Structures are given as C-alpha cells and as structure tokens.
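Written out below as structure tokens is the structure these notes cover.
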Amino acid sequence: MSKTKQSLKKLETFKNPNPNRDYVITITCPEFTSVCPKTGLPDFGEIVINYTPNKLCIELKSLKYYLLGFRNKGIFYEYLVNKILDDLSRLLKPKEITITGNFTPRGGISTSVTAKYSGSKL
Amino acid sequence: MSKTKQSLKKLETFKNPNPNRDYVITITCPEFTSVCPKTGLPDFGEIVINYTPNKLCIELKSLKYYLLGFRNKGIFYEYLVNKILDDLSRLLKPKEITITGNFTPRGGISTSVTAKYSGSKL
Amino acid sequence: MSKTKQSLKKLETFKNPNPNRDYVITITCPEFTSVCPKTGLPDFGEIVINYTPNKLCIELKSLKYYLLGFRNKGIFYEYLVNKILDDLSRLLKPKEITITGNFTPRGGISTSVTAKYSGSKL
Amino acid sequence: MSKTKQSLKKLETFKNPNPNRDYVITITCPEFTSVCPKTGLPDFGEIVINYTPNKLCIELKSLKYYLLGFRNKGIFYEYLVNKILDDLSRLLKPKEITITGNFTPRGGISTSVTAKYSGSKL
Amino acid sequence: MSKTKQSLKKLETFKNPNPNRDYVITITCPEFTSVCPKTGLPDFGEIVINYTPNKLCIELKSLKYYLLGFRNKGIFYEYLVNKILDDLSRLLKPKEITITGNFTPRGGISTSVTAKYSGSKL
Amino acid sequence: MSKTKQSLKKLETFKNPNPNRDYVITITCPEFTSVCPKTGLPDFGEIVINYTPNKLCIELKSLKYYLLGFRNKGIFYEYLVNKILDDLSRLLKPKEITITGNFTPRGGISTSVTAKYSGSKL
Amino acid sequence: MSKTKQSLKKLETFKNPNPNRDYVITITCPEFTSVCPKTGLPDFGEIVINYTPNKLCIELKSLKYYLLGFRNKGIFYEYLVNKILDDLSRLLKPKEITITGNFTPRGGISTSVTAKYSGSKL
Amino acid sequence: MSKTKQSLKKLETFKNPNPNRDYVITITCPEFTSVCPKTGLPDFGEIVINYTPNKLCIELKSLKYYLLGFRNKGIFYEYLVNKILDDLSRLLKPKEITITGNFTPRGGISTSVTAKYSGSKL
Amino acid sequence: MSKTKQSLKKLETFKNPNPNRDYVITITCPEFTSVCPKTGLPDFGEIVINYTPNKLCIELKSLKYYLLGFRNKGIFYEYLVNKILDDLSRLLKPKEITITGNFTPRGGISTSVTAKYSGSKL
Amino acid sequence: MSKTKQSLKKLETFKNPNPNRDYVITITCPEFTSVCPKTGLPDFGEIVINYTPNKLCIELKSLKYYLLGFRNKGIFYEYLVNKILDDLSRLLKPKEITITGNFTPRGGISTSVTAKYSGSKL
C-alpha cells in the first residue's frame, strides 16, 4: 500500500532537448520531510534544485520518489543537502547545480543549507 | 532510533487551571503528514485544534506524538479530521472543539475539512 | 493523447464516513479555464466548492475531470457557477453547498459569482 | 542595573476621561517572554489586551513593568493568560476585557489562548 | 466560435520607435496553459518575456494568439520555453531576450525554466 | 480615435440565467478615474459593484463604457457613488446592490464611500 | 510660512447630496501626529473616521487642517479619540460615527482606541 | 474647470542644492493614464523616474501637470517611456536617468518598459 | 512641556567598540516629519541611516532629538537628506555613510532621495 | 528549574561532513532578548548567522544555550554582534561568517548591525 520502498529506486533522466544552449531549470519541493538522527523526531523543509543541464535533465516523477526515500531516514541537514548535490551532480553531470534546503524552526531556531557544484571544477 | 512507535502512545491531559471560566485554546500544527490510502503517496497539511476546555486540557508533547502517529498511516482527509475530533472530544469532554485540516494541492486542487463538536449536543 | 474527452464522464462519489455529524469540506481549484462564448477567447479563474455532506462526498479525481470538461466550452460566468451548483447539488444532495467563481480581469474589470443551495430549501 | 525587580511593583491606573461613553482600548505587546516551568527554557509570545473601561484606564508604563515581571518566571500559557485577566479585571473593573496570548512554535506546534471577562457576569 | 485556430497564425511585429537606444520591454502572461504530453492533463503557468528590441518589437495581440496556440498542445516545460525563445529570437532578432516559464505544482513539486538569447552570440 | 464619447451610451443588460435562485455577482473596476470639480485635477479609485440579480444582469462591456464616461467629468466622491447606485438600481431592479468607491489619498487623506439599495425597500 | 495656525480654524461641512439614503463614508488619515503630555515627545498614528451622514458631510480640506491642529498639542490617546468624536458628532449630527486611532509602538507596546456615537442614542 | 490644458505647460526645474555630490532622486507616479491609439480605450500604469541630478532638479508640481498632459492622448507604451526620457534628459541634463512604465494587464498580459540615459554617453 | 527645543541640542557619539573591523549599522526612523517650505503643510517620511563606523558611533537618543528638531522647520526633501548626510559625516567621519529619505505621496506622487558619503573620497 | 545557568556552558561543534566543498549554512534565531545596559529594560531582536564551514560546524542546541546566556545580560547592540562574531569565528575558524542583529524599535527607531569575518584575513 505504501510507495516508500519504490522511492529507493534509481533517479531517472531524459535527454536535454536543447544541449547547445545554456538555460536554467529550478525545481521547488516544499513537502520534504526526513527524521532527525539524534531525537528520532521528523524534520520538515523545502528542497530547491537549480541547475543548468548538460546532456541530461532530471525526470520529475523519479525525483519525487527519490526525495520521498528520505521520509523515514535519520539524516542531518548539512549531510542531506550535500548528499542530494552529490547524487544529482553525478547523475546529470550538469554545467552547474545548486541545492538549497530551508528547514522549519526547532527550539525557535531555523536553518538553511546551500551547496553548489560547477561542472568545470569537477 | 525512530520515535514513530512511541507516537502510538495515549494522548495525555492536565487539569484545566480555570474550569470556572470559558476560554479558548488554539493549537496549530503546520507540519502534519500522512499517506494517501489510494496512491500510497504522502499527503501534507496543517491541523488546527480550537477548543474551550472543561475539566481537562490537552498536553502538547503527547499531542505532538499522537499526530506523529499518522505519519505512515493510509487515511483519507475526511476520515482523518473526524477521527481527531472523535479522539479529542472523548478524551477532553470539552465545552466545544473544532478540528480543521488544510491540505496542500494535489493535481491543482486543494482541500480543507472542518468538523466541530459541542459538549451540550453529546 | 488528451484526456479532455474523458473529462465528460460522470462525477463520482463516495460514502460520507461521518453522516451523523455536520462538517464542512472546502475544495479550491485555482487552475480553472473555459472559453468566452462571445469572443472565443479563454477565460481563467478559481472555483471554490464549500459543502456540508449528507450521505455522499465528491471524489476529487472525478471532480478534476468534470472541471476539465469546461476547458474548451463556451460558457458565461453566471451560467457556469449556477451549472456547477446544479450538478453538484443534484449528485450529492448535500445539507448545504456554495460555489464561488473568481475570474481574472478582462478590460480592467474582474468578476466573481457566488451561488448557494441549502438542502432544507429544496 | 536591571529593572526586573521594579516590574513586580503594582499596576497603576488613571481616571477614564469619558466614563459616560463605552469605547474600546486595544494594547498589543509583541515582546512578551516568560519561562516554561517544565523545561526551564524561555517562551516567547504576544499579549493583546482589549477592554472597555469603566471608571479606570490602565497606565501603559506600569503595564510594561507588570508584563516584564514574568520574564524569568516559570508559568504555563493557560495559567498566564487567565492570571493577566484576573489581575486586570480586579484592578480596572472594566465593562468588558479580553486577554489573548499568541505564543511562538515549539516542536512545530504553536498555541494561542484567549480569555474574556464581562463586568455584568461578575 | 473558438479562436484557437486563429492562434496558430503568425506572430506580428512593429518597428521599434527608438532603435538607437537600448531599452527593455517585459511582458508577463500569467494565464498560460498547455497539455502534459505524458498524462494528457493540462499544465498551467506564467510566461515572462524580457527583451531589448533591435529593429522590431512584438505586437501584443498577436503574441496573445501565439501563446493561446499552445492551449491544447502536448509539450514539455523545457521544450516549450526553448521553443518560445527560438520563435521570438528568430522573428525579432533582438539585442537580448530571456524567456521564463513558472509552472504550478504537480505532485507537490513546482518547476520554472529560464532560457536566454544574446544577439551578439548568434 | 477616442471611445470616450461612446462611453456615454446606455448601459446594457442580459437576462438572468437563474432568476429563481438568489446569488451574488461582484464586479471590481480598479481603473476608475474622474475629475475633482473643485481643483480640476484627476481623481483615481476603485469601484466595486456587488449585487443579487433579479430578472436582469449587467453586461460587462457596456459597464466598462459607462464607467469610462466619468473620465473627464467633474464629480464629488459622495455624489458619484450614489449616482452609480441610482443608475444601476433603476436599470437592473436587483434584489440588492451595493456600490463602493475606494479613492486614492489626497493631501495624506484617503476616502471610501459605500451605498446600498435593497429591492424590498424601494 | 507655516499653516499650523490656520489649522485651528473651524471644521467646514457641505450638504449631504443624498440625505434620504443611509450610506457610509470612511476617511483614513495615516499621517497624524500629536505630542505626549507626559514626555513632551511626539506621538504618531492613524485616525480613521467612519460615518453615516445625516444632513451634513465633512469637507476634507478643513478636516485636514483640523487634524493638523493637534500637531504640537500635548494630548493623551484616550482623550484625543473621544475629543474628535465629540467635535465631529456635534458638528455633523450624523446617524452614526466611529473614530479609531491606531498609534505606533512606544516601549514595545502599541495602542489603539475606538469610540462610537449613534444619533439615536443622543 | 479642468486643468488638463494647463498640463501642457512646460516642465519647471530648480537648482540642485548639492551639485558637487552625486545622489539619487526617485519619483513614483502610480496614477498615470493615457489612451491606447489603436482601440481609443484608456491605459493605466505607474511611471517611475530615477535620476542623479546635475545642475537642475525637476519641480514636482510641474511634473504632475506634465504627466497629466498624457491623459487624453493616444500613445503606445514603448513610445511614451522613450518620450518622457527624451523630455526629462533634455531639460535636466542629469548625470543619469531611468524611466520605467509598469502598465496594468490587457487581455491577461501586462507590460513594462524601462529606458535609461547616461550623461556621459550623450 | 515640549522637548522640541531640546532637540536642537548637539548630536552625541560614543566610541566604536570594534574600530579594527569594518561593520555596518542601519538605523530606521519611520516617524519623521518636517514642513514643506512652499505650502507650510507637514511632510511625512522615513529616514534610513546606514554607515560603517570609524572611531565613533552615533548615540541613538541624541539622534532622535536631532531628527525631532526638523518637526516644525520648512525644508525641501533634497536639501534635507543632504543636510543630514553633511551633519552625520562631519560628526562621525565614518568609513562610509548613506542617508535615504522615503516621503509619503503628495498629489499622487511619492519621492525618495538617497545620498552617500565615502570617507576615502573626502 | 531554569536553564539560564546551563546556557553559559561552552558552544559545541561537530565535524563538517563535506570539508572539501564550500557551502553555506544560515541559522536564524528570531527569539533573541538581552538587557539594555543604560535603562535596564529588555531589548528584543533576531540574530542571523551565515557561514561557510571549514573543518567544524556549530551544534544547534549548544548555540541555543549560548544565545540564551545573553537573556539577562546588559549589552549594547554594536558590542553584542561583534562579540558573537568573535566567539563563533574563534571557535569555528570558518572560511567566512557574517552575524546580523535586527532589533525591534525603541522610541520609534529600529537598528540593525552586521559584522563579517573572512578566514583569509585572519
């Protein structure tokens, strides 16, 4: 009945329809949730993916299942954002990609993490 | 490592410090998530609880675990809001209580459900 | 390839899980579009459905296809809102239902139409 | 160096300049803080006082010191709002007074409490 | 009765009244809709066109019919934005032009695509 | 070349498609302008028309020309709102109609005027 | 060079153009300032006047000078709002009039005062 | 009775009180209206003037009458913004000046035009 | 009773606690008022001071009285902003300072003035 | 019962999970309060910490207690922001760190202070 297991499946891609032109795709996922590894309580936030595709674009439905795969995993904010950046930059080999996670307040304190990969630096 | 099992524990209450005066408590939980029983995909929303206590008030930490108990359960919006109303009105026997669920859009359509219980009608 | 024809199919319902309690369901569809019968140009708006179910609730996916059925139909604002009210009140026989259409500006003028049906008045 | 002790001083009043006319005074204090008696951690919120004066009005500077008196006290939300209502209604004997406390989120859950006193009901 | 067919007509232009000065025109079309080629369901979004004219400016009424021509076409976001950029940059040969498409959420995920053409790079 | 003269033409109506049901139509015109009879300078504002039709509805294009007819007329706010109410209530004989004019600040002071007609009181 | 002295002149009125119909005029003056009689420091706020005219309407320019007359006067909030109400209700003998003063924060606390006069109660 | 004719009078200036320092003046006129030369219908928008004065500053009252001079003129957006830029840059010979026109939607499409003059380029 | 005379007193400073580090202080005064030298009527606005201190910081209470000193002075916007810049830059000799005045609309037109001083350019 | 004493404990850190990549962490604490050393009255504000970690990241719970340690301390805005910058830059030796304090209005004037440290300058 749950599709959580399915979400562990691989991310899928499709061919960039305009590989000769640099252009930017921004994907915003305000319904992200994972689990705090320290307290076992859920964390909530928004994941923003901003990239300039090279030969491949990310397929949105598989991205949704990929993000859903963190739902019941214990993971720290800093590690999470860097892991999504690693996974997507390895898969897409984009010209440039930035991942931002904006997390809701805990104890009156809210946190956001932003990490960037530039194809030329690889 | 996860506290999801703990969340199935009973809701707790404390004695209303002013049972002789009618007053209103509003509790807003914008980080609610459950699972759509049809698609197996997560639903996201905000639960608002508004009540006039009688002899008992709801303890906030146990309420948090109670709501966390829906995280991986398949449940429809209409049933969910009515179930929270049933559970809280049975436990608290409040003078009046209203539960509202405001859920995020699916397929371009967003839904909210509001149900109310009045002590005098029981 | 298009599902527009499918959208002409009948609206579907499911049994109200709490027929003994009066409660309110609000459904907001900000992605509504139809065609102006006078100019042939598209109209855009938001349809809000607010009802107290009796024995039946409206199934959301079939509602989406029902509203999609207006996409290429020529229809005036006033007629449209009254027709949705007629269709849903006949189908659901709700205790009360209100339909609101908020339409985007044309020639610097924006319009909204609100119609209501009360079961007891039928 | 601190004026916290001063804040325990009595609330002061001045004569209502228009005792023959019913009118409404609303005072909003968005900088309220006290301490959670359970965790020892600070709580933050906004206190709103809305009243129809009878013979007396509340003096604003003494009200500021009165609210400052809760800064390092352990007190629950429900008790706090009812205590402010008791203190002000005893002092002012107003025709009507409502106290609202809107508190910032803790663990993803925010709370507000509203209590009212009507002179005729005393 | 429908003007959808008319919308397939050619885009029209008029002479830039100030070809000697670089200046910027921004056109915002919040009422864009097309069809998802995968699901056959409608997509909704806002198209923003920002350009520095060279010898020609785009005529707004013909632009409206051009955008209306996508109403019942199945087209992906990435392809759509690049196609509008190709069509307008070929027609206007502007000094610079940027097309942005901001699309409404599907499955809790919203997407925007931005592509740019610079006359000097042609 | 100007349609200002045309705007003095009569308001037009169409038959209410649902005369047996009371429903509400709200028309908002944020682009209203007239002339201050005292200073000869333009006034700017928003006219809101809210009515329950009886046998007739107002046709929007003719309403636009009717409001355009005030563009170069000297008229006070209070008289203007009452005149629109008189013209529309005589024409439509609605069950109820309210006209509101919200005017932009002059000398740091902004004004709004609201007048209402109820069919039963006529 | 200053018009402050002029502001002490009498308020002026004009004849209500529609004395047979009850309608509402709302005047908002966000640029009000007076002086705190205790500290000698300026107070700032917004005065809102809402009335149903009887035989007379308030002339806006003279109202502006009347309000300007408080610029360098020491006056408490509660007294000020009641004085404006007294002055305007004596002058206009309106069917109903409400005066609201919304004052900016002092020491983290903001205040508003609302007083009402109803012609029938006089 | 109308001051529209007066508005055709010349723009006036005053001496820059600080000609030795580069500083920026921004003037926003949200109440601009002209006439569409194609349809004869009014256009509405906001004109923003942003400049670094040289020896002269624009006098605000004469600017108001200058802008009022477009009220009943048929003029396209692109031409209008460039004409205001030409008129003001010739008159003021500023170090830098930018004119922006933000126009309200027509047929669901809104437009803005921005043109800039730099004294050094003249 | 009034402190307006006091406000003409000198601005006061205190020693920058971190003279070795460049950092930025922003002070916002939304309650500024002066008098238009042409009409004698009050002007209202917000003064924003943004500076990088050198050896001295501005003391806030004396700044308040300094700004209060303009309350009944006739002064043009352009001169005012430049005068505050001159006074503060002479007093503080800051590394950099910017003064902005944002003034409320007069005759439908609002104005802001921004002037900057850089220590190295002196 | 109070954890204020605990808050004086040392700030804690954890190892940066991605020391080879430059990325940015932003922490926002809107519930900051300290005491004005001059008046003894509480100050309220928001502290924003923005840094690029080097080998260490700040642990959020210990940061909360660190900030809580200022609750009853008399400290000026300028000194406070520079002290937090000194403490965190010494502890974390980050590649770059910026501290901003946005404080609520006092006497109609609000203040913010921003200080920055760059690892390469140390």
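In this document, chain identifiers A, B, C, D, E, F, G, H, I and J correspond to the written order of the chains, with residue numbering beginning at 1 in each.
One rule holds in what follows: a residue touches a chain if its C-beta (ideal position, glycine included) is under 8 Å from a C-beta of that chain, and two chains touch if they have at least 3 such contacts.
It should be emphasised that the depicted structure is a prediction, and the values quoted were computed from it without experimental measurement.
In summary, the interface at A-J recurs among the listed pairs A-B, C-E or I-J; the equivalent pair, sharing over half of its contacts by residue number, is I-J.
Taking each chain's centre as the mean of its C-alpha atoms, chain C lies 46 Å from chain H.
Separating the CA-averaged centres of chain F and chain J is a span of 57 Å.
Put simply, the C-alpha centre of chain B and that of chain I have 52 angstrom between them.
Of all residues in chain I, those that touch two or more other chains are 30-31, 41, 44, 104, 106-108.
Of all possible chain pairings, those that touch are A-B, A-D, A-E, A-J, B-C, B-D, B-E, C-E, C-F, C-H, D-G, D-J, E-H, F-G, F-H, F-I, G-I, G-J, H-I, I-J.
Residues of chain E touching chain A in their complex: 76, 78-79, 81-82, 85, 106-117.
Residue ranges of chain D in contact with chain G, taken from their complex: 16-18, 21-31, 53, 57, 60-61, 63-64. Of all residues in chain G, those touching chain J in their complex are 41, 44, 104-108. The touching residues of chain E, counted against chain C in their complex, run 1-4, 30-31, 33, 35, 37, 39-42, 44, 68, 71-72, 74, 104.
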